[in-house]
Structures are given as structure tokens and as C-alpha cells.
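Below you'll find a set of structures to go through.
The two complexes that follow have chain A in common; it is paired with chain B in the first and with chain C in the second.
Now for the complex of A and B:
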């Protein structure tokens, strides 16, 4: 059987995390290509329903990445993301979804290495957890 | 209407094609709904590549275009122009990044190709829902804010002001001039620093287009390119700048002397002072912490002797707001703190001094009148100069500070010129890369300086031999001889590296720009946009972006000025239309969004009981959209439909 390759959706803010992820590539840092990046202006734009939607239709994990607290291009968008994320985590607990599957991380525009290591670690953790399989569960319910 | 989508998969030479099977990605794209044409191409950004897209748009009547190539931060503007040239709205274009976040991160061809397909699938799915948008044009305020009055800021200010534009130059010290004002000679020409700097300082002070705000700092910076607002705090000098003629009577009469910061504490200044005689502005400052009137309530001697009645003990801090269209940060760097390297004994061994202290010693108007002397007043018989203090050392800073090799050579030359001392230079590698620098090194090789290749491990005053008694001993492994050497000297000069300013993090936050890993300000592109930042209209120049010598700093100051002038001459700036809009019918008037907006761009219309967005204030972060319980807010070019389409495509 081939190795399970987790499917991870990444919401990256354009100022810090997306630029940092670009830097990882420009620096040719190798990491697992399991995150499908979606660019947003600010992590604060990430509506929790986007995260839940991703999990219900086939994603094994979701990464939200923004600027470090205090460095937000929009002053405080990332702080609002953090608050929402705390609530989202409670919701995930209630759904029985492991917390490791949805991560909020701060990655600055110069932290290519950090971004690569986060993705590496997250991919490995989710690989250990196995597929989320919510799509099948939802279909069985329907 | 069914869309007709064109998909272009770029090989980027071998950058993408090395691991991504671009042909199969293009073949795959053809199978996606609404895709009319999909091609792979060597270099899509080349002229023929762009022409191919334009031709397809016209001949196949494409309504949407996806280019799968590099990061949108790289070529999104290029391809938006391409589709616009062919008559398509630029926002009906979507970029799929299969290079920076795909081909460059893995060697696994199968995974990379799968991943590229998913990224293209997401872009195609999304582009179906892209909407034509109009770029907003707003007038460009031609006034410029420059922060930092060192040589970089001075150069930028003069270039801009000479072209007839207004400059607000903010300097936190009482005078402009920066580090260069404290240097004696400059390498490799040995020009006198003051001789070439002070005329420029005077020009700044007298320029009708430059409003110099010294002893001031920027406390807040808001707005967007073309229309920023800077809040500047002017600290009180307690001397009226309008009335003061800079005669210097007050300084002479002031009874209190304290160590001078300008002279690194080696000399004295008065409690009312100008850092140095050629200071610009020439108005002195009263040091509130030491002034006898402020500390003990007595004295006021300066007030008595001022012939113009310019002393004003009641002056208060003032904050003013100025509208500007662009800003240049030229805030410079700090020097590495040598007390962190305990084994060099700085602060413990009196004759271990820093390179800046040496500059003040050798400066004609410095505390010793230009004499290079030990703490006991005698000239040294031997001097060791230590390179790379705090640089090229993973314990402190990994980077090379770029200036220390050359100024160390200059130091050696000046010691040789002014004293009889034997000079030893301890270096790791000699980096003499600039114009005339290698020649200067050659000259020093002939000036009887002893060069020892090796990092100094320790400076000690513990003698092991008779000849070491009463000396400082520099212990280093001579890597050319392959042995440890102990060199007894009278004076040790530490060639300090450059570090980010201690307030760099606050300044970066005030201006919403990023810093690189080493803590200096981050430029937009290290090669192609070295003075731009990710924030439109905000530029960086000089040592605040990374260690730089005077020629490079001046070049960057002028470069930033050219960037600003080019922006001003466009008269108007284009703004990304990624702003939020409210669906009035869906809005319940709950006001949740209002408290979240960091720009106060949303207000509540009491009459209609709905939220209203002021377009000009919205910066497009999208925080309100994620919070709206009714889903009544949308962000242009980041609509829910567009983002969900991407999510659905990558998960399928």
C-alpha cells in the first residue's frame, strides 16, 4: 500500500505567510508538497466556515498562517484570527476532530525555513492520524 | 453564460519543468470544465509567451485566463497587463503558483505534478467566479516624509527637495548628520567626513522645500499610498528655534558638564548643548535630566545670558499631523554592543575601546583634539585592531557587516600616521570589494601594518612573560602559521559590526513593513526592488535595510528619491480594488463588523439600520467578512464564492 498523503488546505496571508512560503521555495528548502495554498489578504479573512467546508469535503487538515502578533499589515487582523481560532478549536473538539488537524501559525515574510518546518511537522502528524474521511461519513449520513 | 477559459502552464525553463510534467498538467487542464484551451510553454512571461495569450484571447474569444507559473507576487502584474492589452478585464485573470510553492520545494516528480494539477484545478475553478473590477485612481500627494537624517536621509531629502517637492525630514537626535558626522576620515579616499558632509547638512537646514524636524519622532503612520498621514512628536528643546541664532553663549555659561553622547562619553558637554559645533539646526537643546533648573529648581543662567530671549523653560511636547503621499525610512543601524563578548574585556579593561570611540579620539574636534592616546594620556606604542566584532559569528550575528574591514584599514592608517605605534590587524578574511578598496588594502600592506589572519579568542591583562607585563595581550590562532599567538599591545580597538536599530521592531510596526531574519527592514526584492517594500509608497534606504558603507547608503538614498519622484510624477496612484462591500438587503444592522474594522471604515446608518462602508478608508483585510453572521459582506476579488471554489477544487 502506498504511503498516505494528507491533503492540507493552507490559508496564507499575502503579506507575511505567503511571502514566507515563497521564500522557502526561492531558497530551495525542501518540504512535503502537501499543502495547497490559498492566498488571502489577511488571516482575518479566513471565515471558519471555509475551514469546516474544507474538512467536510475531503481535506485531512487545514493550516491558517498569518503575520506574527503585532506585525499584522492590517494592525490587528491576526489577533481576530486567533480569537476565532480558539472558538473553532472548541467546535472541532465537539465534532471529534483532532486539534492537530487545524493549525494557526505565525510566519513572517523572512521565515521560509520556519514555514517549511511547520508544513513538514503538520504533514507528518496528520499522516500519523490517518485520513479524516469526513467526506465518506457525510455521504453515509446522507 | 459559459466561460471560455485559457490555461497556460509555464515551464520556466527548467525551474518548473524539472519536477513538474508541464505537458500532462496542460493535458489535465483541458479536461476541466469550461477550459477552451490549455497549453504548456517554455517561458510564458516572454514576449512570444504573452503574445500567445493575447492571440488566444482574441481568436478563441476567451473570457478568463489562468497562468500557472511563478508566485503572483512576481508576475501577476505582468499577466494582468497582458490580458488587459487583449481587451479583457485584468481581474478575469488568475495566477496559479506552481514554482515557489510547488516545483522548488520537492524533488518528487509524481507528487509535484499532482500538486501542480491541484493548484491549476483550484485556479480554474476560482476564475469562473472572478468579476471584472475597476482599479481605483486617487490623487498622489506630492509631499514626502523622510525618517532619519543621516547621510542616506540627507541625500534623499536633497534630491527630492531640489526637484521642487516638499520634504518633511524627521530626525530623533537634536541634529542631523548621523554616524557620518562623528567620523574623522572616510575610506578609501581618506576624505575628511565633516568636509563632505557638513555642506550637505547646511543645504538641508536652509532648503526652502525641506521642513526639518529634529528631536522628533514619528508616532503614527496611517493611510495608503498617495494619501498617508504621519503623526510626528516634537520633543521640547526648551529653546525657541525661531529666536535662537546659535551664538553659543548659553553653552559657554552653563555651569553643568556631563559626558557627551556624541563623543561616546569620552568628552564633556553642557546641560544645554549642541552635539557638535556644526550641528544642524544650530539651536541647542536643554537636557532636562541634568539641567539644574529642571532638577533642583535653581540656575537659569542660560536664560540670563541669551541675548535673544530664546530660552523657554515652559516649552511642551507637541504632536503635529502632516499629510504625505510617500515615505522613505532611512533610520540607519546601531553598533554591536561589545560588552556582550565578555572575553574581549570591553568595559573592564580601560584601553579596550570601540571603533567609534577611536573615531572620536582621532577627530580634530573630539575630546583629545585629535590625539590618539591611552587612558593615561600617553600615546600607545602598540595597537591591535580586531575585525568582525559581533559579525560573522553564529553566537551573535551571522552576517558580514560589510564596513569593518575597510574602516579597520583606515584605523590602521590613522594610527600609523599619528603615532609611532606598531599596528596589528586581526582579521578573518579581508573583504575589500568596492571601488578603490583593494587598492587601499594594498597600500596598507606597504604601510608596515602586521596582518594576522585569525579571530581573537581573548583579550587579557594576565601576563605570562616579562614582555607582557602591563600590556593587553591579544590571544589568537594565526591560521596561516597554524599556531596560537599572544601579542602584547597597549591599546585594543574593537571593529564593531552593525546591528538593526534597537527600535527597528517598533518602526516596522508603525509603518506596516516587515523585517528580514537578521532584524533589518525587508526590501521588496533583494535584487530588483532593493529600496521598495511590500507596502506601496513606503521605501527603505541605507543601513536600516542592512549594513552599508557611505557610498552604498548615498546610492540608496538617491535611489529611494528616484522611486518617490517617479511615483509623484504619475500624479495619481492605482489602488487594488480588493475592498469590502455590503449587500444592503442581507445586512441586519447588528454592528459586529463596525467594532472589528481596524480603520473605522464601517459606520452604522441609523435611518436605514444597516452598516455602510466608506470605500476610501477600507484597506481590504476582510476581517469584517469573516465575522458577518448574515454573510452580507463581500470582498472584491476575494468573494466567498471565489474562495469556496478554490477550497472545493483542492479538496476534490
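Now for the complex of A and C:
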């Protein structure tokens, strides 16, 4: 059997995390190709609806990455993300989604190495958990 | 011209939507001058066989309240769809799942166990649970099959219009019925009998700095009736809920619970509310923010009280 390759949706803020991911690429750092990056202007733009939607239409995990607290291009967008994330985590517990599947990380534009290690770790953790397969699970519970 | 033929049906719901129609009072007498009621099991003596005997598309408008939780609900939804020109999901349960859809946080076994075994007023030492078939001496008895997941009407059959509310307020019911009688209908799929703006838009309370210093449960406080409830720490679903209800809960100094459903162009009322609430937390660091989250004991039950079946996730994993 071939190894399960997790599908992870990454919402990366354009000022820090996306640039950091870019740096990981230009620095030729090796890391798993499992994150499908989506560039957003600010991690604060990541509506919890987007996270839920991603999980229900086939993602095995969601990574939200933004600037370190204090570094937000829009002053406090990332703090709002953190507030939402804490409550979202609690709600995802109720839905039965493992914590490893949805992560919030701070990655600055100079932290290509850090981004690569986060992706590596997250991919491995979700690989251990196995596919989420939300749609199939829902159909089985009609 | 003959009068339009109207039907009302009650699926998985409390019956409050039927009361909402009865609440029309004297207007109900006028209503019967304007329309012919051809099927209304809650108020008059109709049998499903009457419905089955009708030719297809006999009924002009069917107001269907209640969610779809068992095979009977589903069968009648399909039957009424066949017999009706227009089908209206009437009330929060038919629209988003309503209170019955909170059963989507568990499954059939969980519901049965709770209802027939664990509730403190239940004595069931032999652990007898409902079975769909039972062979008695006199013959076989059957009851409808109970589903693991509660569905909205729209997830079951094609729906023409939606009327939110738990229950829809009487002024809106009256307006909706008049719209159908006039024949001047909005585009298919429209939400009728509600505003296109959030409840906050029509709320008369004074809004200030939009910050929450501490979340308080409803029973822990008597809020200031003049000020925004969210700013006083009471979780009010106003920002994520359609207006048009007349803000009756707020006038009674109670927070909005979200029965008028999500706003236009939003697909998930709960996620929107979570977002609105959390961004108001007056906390900057992880530790303080976590304390706020701790004060929301049941996020699903709070944010999706009336919309879990119609939400993005629809149910919990088990």
C-alpha cells in the first residue's frame, strides 16, 4: 500500500508567512510538498468558515500562519486570529477534529527554515492520524 | 379564479410553527377567504391517504415546518414536493435544522440511550429501545426509522422559499402569506419574511467600544437594558443573525439566540458568530485569550443552536 499523503491547506499571510515559505523555496530547504498554500493579506482574514469548509471538502488539515505577535502589518490582525483560533479549537474538539489537524503558527519573512520544519512536523502528525475523510464519514452517518 | 390551495405540515419540530400560524387569530378567518386549506393535520382531520390521492401539483403552496429526522418526515417531504407547485421551508427547523439538529452532536444510539435510558425520570431496567418492526400476535407493527443525522428540508427535497424563525413572528407570517396570495413572488431560493441585514442593525441598544472584558452566562447577570448585550459579556447572536423578527428577545432583555438564521451570502452562521465574538475579546496574549474561550462551555450549542444541520460541518464526527 502506498503511503498516505495528507492534503493540507495553508492560509499564509503575505507579509510574513508566505514570504517565509518563499524563502524556504529560494533557500532550497527540503520539506514535504503536502501544504497547498493560499496567500491571504493577513491571517486575520482567515474566517473560521474557510477552515471548516476546507475540512469538509477534502483537506486532512489546515495550517494558518501569520506574523509574530507585534509584527502584524495591520497592527493587530494576528491577535484577532489568535482570539478566534482559541475558540475555534474548542469548537473543533466538539466536532471531533483532532487538534493536530488545525494549527496556527507564527512565521516571519526570514524564517524559511522554521516554516519548513512546521510543515514537516504537521505532515508527519497528520500522516499518523490518517485521512480525515469528512464527507465519507458524514455519508456513513446519514 | 379559484382560490389558491394551501397545505401546512409538521415534521420534526415542537409545533411552535403551527402556533405561529394560529397566532394569526382573526386574520386566520380572513385567510380562509383567500385560500383553500387542503391539508393541515395539526388543525384539521386530514390523513396521509388524502394527500396520496391528490393528483400531482394540486397544492399551490405548502408550508413545511420541522426538520427531517426519520423516514416518515422524509417520505412526507417527498410526497408534498410531488403534490405542490411551491414548497416553503417554514421556520428554523425546516430551514437550518433548528433545535432537533442539535442531535447531530451525537447519533441515533446516543439519542436513544439518553431518552429511553439515562434521563432521570426514565425507568427502563430491561433497556427496551424503539424497533422499526415488532411482531405481535395480531400481526407485524412498524414505526418510522430514526436517522443518525438530522437534515434540513432543502437537503431532502427541492425547496422554493425559506421562512426563518423559531417560530416566524406573526407579522412576518401574515406578510409572507399575503405575498403568496398576491402572486408577486421573489426569485426562487429567496428567504422571505426576514430582513437582509443583521439583527444589530435594528437593535436599539447603545453600542460602545465593542469590547468584552468577561463573558457572563445568561443566568449570572441582569443586563443593562439600554446597552449592547455583547459588550456586557452576554453572548448575543445578533451580529451573525438576520433581523426582521422585531428584536423581541432583546426587548425582553434576553440575548438573540440566532433563530432567524445566517445572513445573506454567508454559509455558516456559527463560524461567523464565533469570529465576531472572539474578535471582541479584550485580551492580547495567549493565556488571557484562553480564559475567554474557557467561558464558552458549549460552542456548537451556542453558535449553531438553530443551524447545525444546515451548517458547513452538518454534524460531529460520531
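Quick note on the criterion: the second predicted complex is superposed on the first by the 138 of 142 C-alpha atoms of A that agree within 3 Å, B and C clash if a C-alpha of one lies under 4 Å from a C-alpha of the other, contacts with A are read in each partner's own complex, and residues count from 1 in each chain.
By our rule, contacts are C-beta pairs under 8 Å (C-beta built on N, C-alpha and C of every residue); 3 or more make two chains touch, one makes a residue touch a chain.
Small disclaimer: the values here were computed from a predicted structure and weren't measured.
When the shared chain is aligned, no partner comes close enough to touch A:129: not chain B, not chain C. Look at A:30: by the touch rule set out above, it reaches chain B but stays clear of chain C. In the superposed pair of complexes, A:22 makes contact with chain B only, with no contact to chain C. Put simply, more of the residues of chain A are touched by B, taking chain B and chain C as the two choices. When the shared chain is aligned, chain B and chain C each come close enough to touch A:84. Note: residues 47-48, 53, 80, 84 of chain A belong to the chain B contact set and to the chain C contact set alike, using the contact criterion stated above. Looking at the complex, you find that chain C touches chain A at residues 105, 107, 147-149, 266-268, 270-272, 274-275, 277-279, 281, 283-286, 289-290, 292-293, 296, 298-300, 303, 311-318.
Residues of chain B that touch chain A in their complex: 71-73, 97, 99-108, 111-112, 115, 118-119, 122, 505, 508-509, 512, 514-517, 522, 534-535, 578, 596, 598-599, 619-623, 625-627, 635, 638, 640, 643-644, 646-648, 650-652.
Of all residues in chain A, those touching chain B in their complex are 5, 7, 9, 14-16, 18-19, 21-22, 24-26, 28-33, 35-42, 44-48, 50, 53-54, 57-59, 70-71, 73-77, 80, 84, 108-111, 116, 135. Put simply, chain A touches chain C in their complex at residues 47-49, 51-53, 55-56, 69, 79-80, 82-84, 86-91, 94-97, 134, 137-138, 141-142.
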